[in-house]
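Could you have a look at this structure, given as structure tokens, before my questions?
Note that the chains take the letters A, B and C in the order they are written out, and that residue 1 is the start of every chain.
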Amino acid sequence: MVIIENLHKKFGKNQVLSGVDLTINEGGIFAVLGPNGSGKTTLIKSVLGMVIPNKGNITVLGENIKKNSEYRHKIDYLPQIANFPSNLKVKELIKMIKDLRKPTTEDKRLIELFKIESFLDKKLGQLSGGTKQKVNLVLTFMFDSPLIILDEPTTGLDPISLIRLKDLIKAEKAKGKTILITSHIMSFVEEVSDEIVFILEGKIYFKGSIQELKTKTQQPDFEHAIASILSDNHA
Amino acid sequence: MKKILVFIAVVLTTSIVLAQSIEVCKSCPISTLKEGIAQAKDFDTIIVKKGTYKEHNVIVNKPLTIIGKNYPVVDGESKGEIITIISDNVTVDGLFIINVGNSYTSDYAAIRVKNSKNFLIQNLVLEKLFFGIYIEKSRDGKVFHNKIIGDAVEEYNSGNGIQLWYSKNIQIEHNFIQHVRDGIYLEFSDFCTIKNNISSLNVRYGLHFMFSNDDVYQDNEFSDNGAGVAVMFSKRIKMYNNIFKENWGTASYGLLLKEINDAEIEGNTFSDNTIGINVEGTNRINYKHNNFQNNGWAVKVKGACYANIFTENNFLYNSFDIAYNSKVNDNQFDRNYWSGYTGYDLDKNGTGDVPYRPVKLFSYIVNRTPETIILLRSMFIDIIDFSEKVSPVFTPDNLLDNNPQMKKITW
Amino acid sequence: MLKILKYSFYDLMRSRWSYVYFAFYFLLGIVLLFLNNDLSKAVITLMNVIIVLVPLIGTIFGVMYYYNNKEFTELLLAQPLKRSSIFLGQYLGVAISLSMSLILGLGIPFVFYGLFESSAIWDFSLLIITGTFLTLIFTALAFNIALSNENKIKGFGYAILLWLFLAIIYDGLFLMTLIMFEDYPLDKLSLIGTMLNPIDLSRTLILLKLDISALLGYTGAVFKQFFGTSFGLIVSFIMLSVWVLLPVSRIIFKSKKKDF
């Protein structure tokens, strides 16, 4: 599905990714984890073509992404901070994204699911952070693409919406899609993900299932396992 | 009414009968102008019929009236002067005179009046000429309604349209002059009136005064000349209601005043000239009710000029209103309208409460480094002009209009 | 690209700032024409406004729009769209909506005043064309600044500096250079100096209309050819187009290399 080879990225003097090799197979939910500044977002953005690597190759569904924008038809992306043009109405934004990508009717179901019908005629500038995140989710899931990338999808969501989100993710997985998630909420990651990728100082430190991680770190639960990786490396 | 008409008709016919008239035409017994003049007695009328008469050096030596019917052509074949009048009381009317001889030694003219009085030259058309109408040492004459079209390109080998030399009391009206050196030129000629003429596209000046005093020129139009009008070394010239426009070029002015005293300049319009009036060494001149619009420089003052007074003129959208090349000012500006004035009038009396400074620092800079003209209207220039306005360093600090008008002046 | 342009344009057409900008020009036009009732004076005042304010508003608005829409741009970047279309679309959206405010804001009062019957129509058209060019140029420059500076404050700072430099400081340096080298023939230098600053270039274009009488007073042959014939007009328009194309191509180039 996604093949990343020897990926290097530097922002100024700051080496963010230094030789990442990662293969993500089709189907399943992958969580990309790591401390702040470890390069999670950079990695995801590299896959999306938003960050241009200094070195290395990325192939998505068999297409090299360099100087290519067509492959993004096959990706749904949920950005971390949802900030939309404040003069647009929610309805118009959805219409616009559909116009930019392709027609779909999936949005109606999602709007119902997240209960945002009453906000459709509001301008985006007037929405709360949580509502914006819901709109963001609608925009992401309304296209039926084989690869879904979610950057901090739980930000600002109320518990009910969080449950709906989890259901949604599971449903998508059931359709055989590949889902890439970054999150700080360990319980959320533990609950939904099949496999985790742990990034540390610009390199893949660990790749495998949560069970394997626990075994490797000899910790009883996931949260402690992560903590032990961090303390080992900083000690 | 009928009676009056009959009376006039009778008078006209008898007068023609009394003064004998001689016909000149190609098929007549008298077929040349020269022959006609030779045969005529004093106060006869010579009628020249349509046709081409190849003649030059025609001397009119007795008081005659020469009238062309339907513009007969007198062709000088470029051999020299064409008609010379040396008698008093001569009238020349309605001829088409062409091909005056060109010379570097003598000033050949299409028609010359020499030592004569009471002449009338009217309705002539002059083309391909060197000098057009040349009046020397004559007085009390009239030059009306002539059309003079030259083909001058350079100053040194061309002549003037109408030239007056040591003449007095001549009236020059309703003439149309183009493409000669100076449209009208006066040298040592006093008490002349120049009125309602149009002088344009001339190589040097539309109208030129040298050492001539007490003349009046009014209601003329001078456009697109090397320079509109030059008044030099003359006294008491009156300039009323003339139009000076589109005199463009490096040394081009609407009006050039050089070493002249006691003149009146009133009611004139100076528009779209590189320099509206270029003033050099003039004293006691009154400028009143003139319009200066869209000129590069409305008035450029050089050298010593004393006691000149500018009142109630309109200065409209000139790139520069007044330019001085020195810090000294002895001229007075009062109650003018300046389109560049930005002051206010709190007491609503029509006069601005803050004086206006018509000389900008930038005009001083351009005077020094002409290329800087390209920065005209730049914000930076506005800023330095403003600071100079607040505390004058380079420009005369007593050069002020203390009563700038809030509205355009009408008269 | 057209789709992005369409949405940016709609977005801006609804923004408060477009109305403020439009209203400013509209009121300016009305005040100049109907309270003053003097077309020539109105044109001169407008010239001052256009060569000073249009660049300022173009830069500030361009930078502001870019930074305000950053997250939305990122959303667009994740869509199957070419980077050049995203940025060109947004750039044109801003530039066109600003130009529209200018053209309509000034145009409407002038049309009501009876512009079409007046001889000032050419002066006015020239002003509007120049204003539009300046909008295109300075919005593009603003996008360049914003693309090269992640830091918003820095970006705004550079934008203001750029405007200050081109509108005022440049002319000061230019004037000093001319005065310092006044013993040499300067007409070529002064024309080149003008070409290198879009504000000066626009000013010259307007001078050609308003101050031709004064400009023709200078002796230099190059000057004469430039100002005395249509050569000056043609060269100025070509240079203005170059001034649009250069920053726009840098937007494309820079946006392809940039990380988000």
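In the analysis below, a residue touches a chain if its C-beta (ideal position, glycine included) is under 8 Å from a C-beta of that chain, and two chains touch if they have at least 3 such contacts.
Every value quoted in this text rests on a predicted model; they were computed, and no experiment measured them.
Shared contacts of chain A and chain C, meaning chains that touch the two of them, come down to nothing at all.
Chain C has the C-alpha centroid lying closest to the overall centroid of all protein C-alpha atoms shown. A separation of 42 Å divides the Cα centre of chain A from that of chain C. Averaged Cα coordinates give chain B a centre that lies 46 Å from the centre of chain C.
Chain centres here are Cα averages; for chain A and chain B they lie 88 Å apart.
If you check the complex, the residues on chain B that touch chain C are 248-250, 252, 272-275, 294-297, 316-317, 319-320, 339, 365, 368-383.
Chain contact summary for the complex, chain C toward chain A: residues 3-4, 7, 11-12, 14-15, 68-72, 74-83, 256-260. Looking at the complex, you find that chain A touches chain C at residues 9, 11, 45, 48-52, 69-73, 75, 77, 79, 81-88, 96-97, 99-101, 139. Those residues of chain C that touch chain B in the shared complex are 40-41, 44, 47-48, 51-52, 167-169, 171-172, 174-175, 178-179, 182, 186-187, 189-191, 193-194, 200, 203-204, 206-207, 210-220, 223.
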